[in-house]
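To start, the structure itself, in structure tokens.
By letter and in written order, the chains are A, B and C; residue numbering begins at 1 in each of them.
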Amino acid sequence: MNTFVQILVSGLTLGAMYAISTIGLSLAWGAVGVLNMAQGAFLVVGGYAAYAGAVFLGMSAPLALALAALAGAAVGAGTYFFVVRFMLESATFETNVIIATVGLALIFENVVLQTFGAYPLRQPIRIEGGVNIAATYIPYESIGILVMSIVAMIAVGWVLERTRMGRAIRAVSQNRAAALLMGVPVKVVYLQVLTIAGVLAALSGVMLSTITTLAPTMGYDPMLKAFIVCVVAGLGNIYGALYAAFALGIFEAAVQFFLGVRFGFPAMLLLIILTLVWRPYGVFGRGSTQRF
Amino acid sequence: MTMDAPALLEIRGLVAGYRDHEVLRGVSLTLAKGKLATLIGPNGHGKTTLLRCVSGLLRLTAGDIRFGGTSIVGRRVNNIVAQGIVHVPQGDLLFSAMSVADNLMMGAYLPAANAVASRRLEEVYGLLPALWERRLQTANTLSGGERRMLAIGRGLMSGGELLMFDEPSLGLAPLAIDQVYSVIANLKARGRTILLVEENANRIVDIADLVYLLDDGRIVWEGAPHALFDHQDLLETYLGS
Amino acid sequence: MRRDATIGLLALIVAILVPFAWPTRYVIEEMTLFFVWATVVTQWNLVFGVAGVFSLAQMAIFAVGGYATGMLGLYLGWSLWLAMFAGGLAAAIFSALVGVACLRLRGAYVALLTLAITQTMYLLIITDTECFYMEGVTCRNFTGGTRGLTGYGDFGFHQLLPYKYTAFGDYFLALGVLCAATIFSVFIIRSPLGLAFQAMRDNAVYAISRGISRFKYQLLVFAASALFTGLAGAVYAGHFRVMGANTLYLSQTLFLLSMMIIGGVGQIWGPLLGATALMVVDEVLKEFVEWRLLGLGLMLVLFAVLWPNGLYGGLEALGRHLRPRGSRQLSAIQPKEMAPAQK
């Protein structure tokens, strides 16, 4: 029972973080066709923005979190304005944009490295303490992450399902040509999606940095895991990605517990290879999106 | 040609194509308010391309398109939709993972239409009651005929003055085709202006006011639908019937 | 074909003359490393640019070659000359397996899967802390762990060559591998196989209707190009006498990716041009090493956005532009296979 609770809690915490950064990736892929390799850098920008807000500007935690979200929105929108916008007409958009976002990631990483140094920093925004449930110590931090993720997911779900903008985003990712015919300004939707993806990544970066430390390369590993979640779910499938994020979080926690931390990632890799052999477009996937 | 109503759509010397392949080589046509014109002609000779030019999806090489007296050449698609042009595309292009209701709401995406969306929704459900029954289902669960109705309904949601239908009978069973055409006749009776692409001349003979025969990027004949049947040679040459 | 031979021969002559013209240790070392990376990039180009498979597993393949060579030398006492070919073979087999896993996948999925494979390999090596054997009182891991795999020796040029020329051994070995790899890549790109790939990229439906099997060719290119990549890994391992997980750093993969993109993807001389350009830029900017990533990043973004055909594509376009009008029109109607740069 004890073990079970422990795995469940750490699995859900991991899953929650994966879910948040996965939604951003998934939206960007589904609606814009961008496999955003700069997602990890977005995480880093968010984490350091919150740090800078709290340490240099003396901001309270909610304010620093808002600053991180703002920074995420800025890098997301910047990605559209400075990179994606110019490549939309390209015949090899799908691969070219991967390369361009890789370049962006390097730029962000270098700037953060030169501004804050390579030395790992402690994220000042965090919730201390914990509680014992069923003889298992559960840090408040985990609960905080879980709650924040769920709030963010509900917010995104609400925007996508209930608002005019959300409907347009879904429309663009399902049928770009038809969305255009409905009068949807597709490029504005691209901008919106990348901005939302930036905000989500930045928030996920703050959460991540509270349970580990801040480092200029900290976004890479979670990004890869978010990719795995996306691949398992099928790129662009947001709801599938949510299920997959939590399932993989729990799976990883269980593997780490039973086989050791070392095999968490290899086991996940094995899982995606098997998944992709079984279903090349993911469990809930549906081929790639075509642009118009 | 009847000149009793002012021209809503006027196309002059339209030239357009894809990359180095010219599809339309100087097409001119006029559609008066409240009338129904049909474009007929063999496949791959520019009918769809013409509609794409009007709705702004394809840039023209030369020529002019006027809607309600002003030129719409070079405008963005969303602007053209806002002007009141509805393009119901070939193959429906539905948002397949969205519900029927959400698909319809997408038709009223632009601000002006969005403001009166709930009233329009009622009108569309009134005109196409099958959609009301299926409003919560996702579009990919619909039958072919229902999908076509949804595509039409979605187009109506924007409240445009000019409706363009690209082969609304394509791929449907005879019964569903009859339903689609009765909807179109109904719309015409309500005073909508309609540009219809069709391959089968027999289907439009009773509802069209005017027929344009498009072949190899040019209008080769225009006139009343009944007159077309007097030209057996045209029917044989272009439509194989 | 004739132009390729001319370019290749000229480059080869320059490469042979360099160590005699500048016989400093530094130049020879840097050039040796350049040959190693250039080999890796030309072979990556076959997979990425020619076969159109967006694989990011290139450095994993390289590492398999290097580690296999080192392990055979260390644990079985093989001569590195023998171990080198076994390393190449191991890399080819590994790559074929990766190829099988990627076969049914498309663009973005392949990139993700291969990236994950590289990362997994990296993690497995750096977290390897179990004692595999004892060296005196120190514990050594099977893979060498974070310290890297050492103790397998080198190619033994210091016994074969006079003292002054020991560095020449590795230099010409690396150059030899690069030559073989380049000839192989010219052969692939200009052969019917290369044209088959071109057909598949340009029009997949047509290619399938002509009975061109993606499965077979893709696997072939995956395996064959990995042979040379593995050999490059072996040369690297033998040259430095240590094989470490640093070869699997993402930054290394990205550095090589930049070479390919900046030089020109899918073209014979693009990767070599890109490798040269980046090695030179890297050398010139040594003083600003802390901004290296920024520079790389900016270049990647600029080239992806503005010049997706790379430097080589740019040069070709310039060449077409400078040619007199008549011949330019002629080149415009040449069949596709004569102008692989135009995509």
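Note that in this section a contact is a pair of C-beta atoms (placed from the backbone, for glycine too) under 8 Å apart; a residue touches a chain by one contact, two chains touch by 3 or more.
None of these values were measured; they are calculated from a predicted model.
J.: What chains touch chain A and also chain B?
T.: Where chain A and chain B might share a partner, there is none at all.
J.: Using only Cα atoms to place each chain's centre, name the chain farthest from chain C.
T.: B
J.: So which chain ends up in the middle if you average the CA atoms?
T.: A
J.: Which two chains have the most contacts between them?
T.: Highest contact count among chain pairs: A-C.
J.: Rounded to the nearest whole Å, what is the centre-to-centre distance of chain A and chain B, using the mean of the C-alpha atoms as each centre?
T.: So the centre of chain A lies 42 Å away from the centre of chain B.
J.: Distance-wise, how many Å sit between the C-alpha centres of chain B and chain C, to the nearest whole number?
T.: For chain B versus chain C, the centre distance works out to 54 Å.
J.: State, to the nearest whole Å, the distance from the C-alpha centre of chain A to the C-alpha centre of chain C.
T.: Going by mean C-alpha positions, chain A sits 32 Å from chain C.
J.: Provide the list of chain C residues touching at least two other chains, using ranges where the numbers run on.
T.: none
J.: Got the chain A residues that touch at least 2 other chains?
T.: Where chain A is concerned, no single residue meets two or more other chains.
J.: Please set out, as single numbers or ranges, the residues of chain B touching at least two other chains.
T.: none
J.: Which of the residues in chain C end up touching chain A in this complex?
T.: Touch list, chain C to chain A: 54, 101, 104-109, 111-113, 115-117, 119-120, 123-124, 127, 250-251, 254, 257, 261, 290-294, 296-306, 308, 343.
J.: Help me check something: in the complex, which residues belonging to chain A touch chain B?
T.: Chain A residues touching chain B: 164, 167-168, 170-171, 174-175, 177-185, 292.
J.: In the complex of these two chains, what residues of chain B are touching chain A?
T.: My answer: residues 55, 57, 76-78, 81-82, 87, 89, 93-98, 102, 105-107, 109-110, 114, 154, 158.
J.: So in the complex, the part of chain A that touches chain C is made up of which residues?
T.: Of all residues in chain A, those touching chain C are 29, 35, 82-83, 86-87, 90-92, 94-100, 102-111, 113-114, 220-221, 224, 227-228, 230-231, 235, 261-262, 265-266, 268-269, 272-273, 276-277, 280-281, 288.
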